[in-house]
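Chain nomenclature is as follows: A, B, C and D, assigned in order of appearance, with residue numbering initiated at 1 for each chain independently.
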Amino acid sequence: MTDTAVSTQDPAPIVAMTGISITFPGVKALDGVDFRLFPGEVHALMGENGAGKSTLIKALTGVYTVDSGSIVVDGEERTFAGPAQAQAAGISTVYQEVNLCDNLSVAENIMLGHEVRRAGVVDWRRTRSAAREHLRTMNLDIDPKSSLSSHSLAVQQLVAISRAMVVDARVLILDEPTSSLDADEVARLFDVVRALRDRGVAILFVSHFLDQVYAISDRMTVLRNGALVGEYRTADLDRVELVQKMIGRALAVLEELEEAPKRSVAERADTQPFVQAIGLGRKGTIEPFDLDVYAGEVVGLAGLLGSGRTELARLLYGADHADSGEIRVEGVHTKMRTPRNALARGIVYSSESRKTEGIVGDLTVRENIVLGLQADRGWLRRISRRKSDDVVNRYIEALGIRPANPEAIAGNLSGGNQQKVLLARWLATAPKLLLLDEPTRGIDVGAKAEIQKLVADLAAQGMAVVFISAELDEVLRLSHRIAVLRDRRKVAEITNSDAVTTDDVVHLIASGGQS
Amino acid sequence: DSGDAETAGGDSGDGGAITVGFSQVGSESGWRAANTKSIQDALTAEAGFDLSFSDAQQKQENQIQAIRSYIAQGVQYIAFSPVVESGWDSVLEEAKDAGIPVILTDRAVDSEDTSLYVTFIGSDFVEEGKRIGDWVSENLGTEPINVVELQGTTGSAPAIDRKTGFEDAIAGNDNISVIASETGNFTRAEGKTVMEGFLQAYPDIDVVYAHNDDMGLGAIEAIKAAGKVPGKDIKVVTIDGVKDGMTALAAGEINYIVECNPLLGPDLAEIIKTLESGGTVEPRIVTQDEAFDQAGAQAVLADREY
Amino acid sequence: MATDQLTPSKAPTDARPSFGSRVRRFRIDERYVPVLGTVVVLIAMLAIGGSRYENFLTGRVIANVLINNSFLVVIAVGMTFVILTGGIDLSVGAVVALSGCVAAWMFTHGYGAAVAIPAVILVGTVIGLVVGVMVHVFEIQPFIATLAAMFLARGLCYIVAPESIPITDPTIVALARTRWGTDDGLVITPSGVIALAVVAIAFVTLHYTRFGRTVYAIGGSEQSAKLMGLPVARTKVLVYVISGTCAGLGGLLFAIFSRSGYALTGVGMELDAIAAVVIGGTLLTGGSGFVLGSVLGVLVLGLIQTIITFEGTLSSWWTKIFIGALLLIFVVLQRLLAIRRR
Amino acid sequence: MSSVMSSAGTVARHRLFWPVVALAVLLLACVLKSNTFLNITVLEGHLYGGPIDIVRRSSVLLLVALGMTLVIATRGIDLSVGAVMAIAGAVALSQIAASDNPESLTVVLSAIGSAVLVCLMIGVFNGFLVAVVGIQPIIATLVIMTAGRGIAMLITGGQITTVTSAPYKTIATGYWLGLPVAALIAGFFFVAMALITRRTALGVLIESVGINPVASRLAGVRARTIIWTVYILCAFFACVAGFIRSSDIMAADANNAGLFIELDAILAVVIGGTSLAGGKFSLVGTLVGVLVITTLTFSVTILGIPANAVSLFKALVVILVCLLQSPVVRQKMRKRRAAPVGTAPAPVEVPA
């Protein structure tokens, strides 16, 4: 059942893991997985959400202790007690969720533990200039003294990657480094990765973007449900096969989505928009803009990272206070002071940063899913067990949340599955307007297709949707109308049709709507 | 050695009122409140004083800080009730250097250099314990009795001294055995809790000796709850003589109280006046503490001030 | 297939803003705002005190605030380390008492200052180590581990010195008596110098060593610090050792200050230290704050105490209410300043 | 056979296993010292004996710890509970003492009413500082911790206000159906809160706010209101505890009522398995924690521990319980019992 794709003339692997098993309470996250990594290759680790990719990486770097199996690094059997030891052995890792300290400056985050010292005392000037150098390799021109939290997720991700470059690593592990990056940044990252590969560094790369995987990797290992499916040369495995290996069945949904663009012709039943923003703005975050969203319509927000899409959505949701303009819901002027006001009007917002603004980590999947519903009802009227069973099981099944156990602690779920739980929370409230900020980030191919299909279906059933995604393709495919943002300003709005291409939108962004 | 106090009279220029800084221990008990009130009532403007009062909240560091402040403010006299016995030499030396006479109230300090303060007025805790012990020995110790002791705050001077005094007094009487001794922190609530425990653990208690009235009053509640009669089935002896204690004594629930007089204000005022007019005072003035049995309490209860 | 994975590849690079232009600019570094708030309110308090009471704004009064609180400064410095990692240390008050008792005991048993002084400080170190091990190795919550250590230290006090013991050792007496400076102006004592030295060392440690930066990183996110490969274990144990040592040293300074060892000293001192640290702008959640802020916090508490003494007419209960009110005004003002600046 | 083994293992693995063992050991020690300790007799129509004393004694701490549990679950802490207890006693008793007829039920009820009102206002004040102004809980509540006793003393004039009032006395020392009224009051509020938090959604919303306030707000939870509510509840329970404490000695002791009870309450909450980092809480755990601490205090007297060694004795018991209960030790024990499991993930538990 397990395929092997390495011929005998390959050099000795720098990392060889054999028979790795890890069990969490209730989940067998890894089951006898073998994995090899060779110097001078980019190796993609593939699998659905929850397949065990991140767990395998954490097993290698000593975050988790393995139940059984052996890890050989550079011909020597090793058990790392933690990332520090792995780093010392030349394994540098960027973990999936950005793991930096946002109370510290960019420079410190990059150089922590590797500060330039003179006589035991940190020389900040030299440390900062070293940090600036590392940022420059990522083409990042930010002030190393600025605080990390003042930067968007994308920048933070790039900072995390810069940090990994600080040590002269022989193995570089990147767990979904590109999920919040735009094409340009991805291209730059890949330049760096290629250069490292040519220097003989072994690179382990995880991504749900098949294009990227095919563009950069030499070899791939596929996991499914914690078990090894096989190891292949990228050149030998085409996409359809790869996806089939990942999900273990044919890709019906994908094909379906492929065939029929879900965007139906915008025939507005209502003459009145569901939500109307007039001159809505907030100093320092987004300039005043007008935006109408009709029932049954998907409005896509396009723009580069940091263009203000998140801010726009947050204003509509009342998560931030607008300091100018007004919002009308179904024609009625409405105060959006808190998210509760929005919720009461059937407006919900799924945040882009699920770790800090979405998931309530220590609660169970069940509690997380019904949280929105419960908050809307107030504390007195608890949702009955039967009703919550209903809702929870429905969405666990509909979105394919794994493990399909409502009592699992949400914080322990894999990244992609957490995103699904969040989505379930909002869908369960049967909203009229769904503000989706990067709902497909970090989600595997199958699930992504399903979410897209879901959005299209919901709109078809009359729900209004605002859809934010870094992937223009996705925005184009789903949206009826696209609002283009640039530098925290809405610069254009176009009605979507088959004739509109990504290039058109990119052009609009570039020209700032002046063309 | 208290004669050098006159030197301080020099800077009393402002309208004749004598400036006095008083640093109180805190406000931890009713006794202390009565003490504070007595001092504030005695050292009034009408009486010719300008009193600066501060509460150290049971912290020696606050008290030292307050005394230093008084020195900085340039008061004419400093009086204080030390939180602890030890550790006053430095700050008292500063006061001496500044020529400010210091009067100790209520509690003594253990400085070897007695020239650091003019006088001490207050009670003798050991003596108080001893008087209780003598009374128990004479009146109850004629047959074998079991005594339980409710100590004050562990490590505090009154607790240590009252325990010692009591032990000294009963040492010769073989009839008396102290079967248990536990701290009740000088509070009613803890006095009651500890007594409840004693009643569970020791079925044959004859006498309760509480280091202050409050713990004694707590113990009485516990005795009643256990279905016994305080003052009869179990005798209660305490120290302090605050109003509640005297009332209970008069009501027959307590058997004997040795007073620890908190009304030091008038004495303090008089001492300062004497010093101010160039007179001398005794280096140690032990207040006249009375002791009351049930009949005595009934007699004085009506006109007790505190 | 899988075109849904495509991302636009033709993004014209000249059109996109550089990341640098997107950094939010603040007039004052956000991190300094709480400390600045403390400074502003502290100055306001001095001004009000000076206008209300004569002899208030004298060098002697100001110097006294530092001298009388030098032990608290040292303790607050240690506490800052702990709080920066997101922990808390409730044992310091009891450790101060214990080291005082040990000092008094050793002096009465004929040990010289050369032996006793290091031993006294070591007492704190050992208790800090015990706490550190409980917190790190056994993953007991800092609040509880240090609470247990507080009971333990307090219990040992009663064993070592059931009653208050005076200290007559010549070295200690000399340390207590020495003062440098003019008679009525600014004076400084050896304790004050020690406290300032501790502050300076702590400042350098926190801001110019890897250990110090790791302290901040752990406070920011322990999880991230671990994944970044920082020595989290060692650092976490060390901050409690530092805090314990500071408490030991604080106990020594207190022993010098009061020239005695007494089991009941330092009750509630841990709250004073925590309050000082928090008033100094450090967040109890960790990761943000400065040791200099903690020094300011101690000065604020000392100043509140001084104002009360100068007020002179407060009865015991008004004293308590007054302290509470000043504390309230202080934290609310500081908070409002912080919000305004945001 | 093996199933017996494994169920014993499950019991031993329970978070409350060691606290319960500690409780049992302490009781056992008391029985060995005083063999009548566990005897419950009927005295003047009500039950009397060691266990009854412990239950009645626990009521004050239980009430305080109950409120504290909720506050801690929202990542907060309330240091002011002791002062609130003092104020409750001071307000109620000075009002009763000032009335013409201290024995009348209406006087007592109105005194209790005004004390509750005052305490609720303190709760509102604390909640306002924490939830609206955004001051860190430990400092926000430190204000009342300091000033509150001053307020209580202001009310009593610094004296210990003593009254005789049969209705008020009933609160702490009365018996109903043979059981102590104090314990019944505490038990009532305990059961009520347990039901309210678990039968309604309040519990889960409190936890959600404690775990991730930002996410909770975005999910539409009234985070601010909830935080505010728990501080009010905490003040209310402290107020009731203050009634019991003052009724117990029939005096309002502004200085000592509830002194340092916040530490005991926090200790009880943590021994009961609620993390100070907020989030999941367990009221049953808190109950066990309270019983352990009360029994510990009680056993000091029964066992005749010398006054100088009391602190040490308490410290050793607390350290022992905490060590045995620590995740690491429990992990080790589990390892010995069952087949090895991954060490890193924390054990998953469902709260009581």
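Here is the rule we go by: a residue touches a chain if its C-beta (ideal position, glycine included) is under 8 Å from a C-beta of that chain, and two chains touch if they have at least 3 such contacts.
Because the structure is predicted, anything quoted here is derived from the model rather than measured.
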Chain-contact steps, minimal, separating subunit C from subunit A: 1
A-D compared against B-C, more contacting pairs: B-C
Intercentroid distance (Cα basis), subunit B paired with subunit A, Å: 71
Inter-centroid spacing, subunit D versus subunit A (mean Cα positions, whole Å): 44
Cα-centroid distance, subunit B relative to subunit C, in whole angstrom: 36
Whole-Å gap between the CA centroids of subunit C and subunit D: 30
Sites on subunit D at which at least two other chains make contact: 153, 158, 307-308, 310-311
Residue list for subunit A, restricted to those that touch at least two other chains: 63
Junction residues of subunit C, two or more chains touched: 157-158, 162, 315-317, 319-320
Inter-chain touch pairs (all): A-C, A-D, B-C, B-D, C-D
Contacting residues of subunit C [partner subunit D, same complex]: 90, 134, 137-141, 143-145, 147-152, 154-159, 162, 271, 274-275, 278-279, 283-284, 315-325, 327-328, 331-332, 335, 339
Complex contacts: residues of subunit D adjacent to subunit C: 79, 129, 133-136, 138-140, 142-154, 158, 254, 263, 266-267, 270, 275-277, 307-316, 318-319, 322-323, 326-329
Parts of subunit D lying in touch with subunit A, wherever the complex brings them together: 199-202, 204-205, 207-208, 211-212, 214-222, 226, 279-280, 340-345, 347-348, 350
Complex contacts: residues of subunit A adjacent to subunit D: 22-26, 58, 63-67, 317, 319, 338-340, 343, 349, 351, 356-363, 367, 371-372, 374-383, 407-409, 412, 425
Touching residues (chain side subunit C, partner subunit A) in the complex: 1-20, 22-24, 30-31, 204, 207-210, 213-214, 216-217, 219-221, 223-231, 287-288
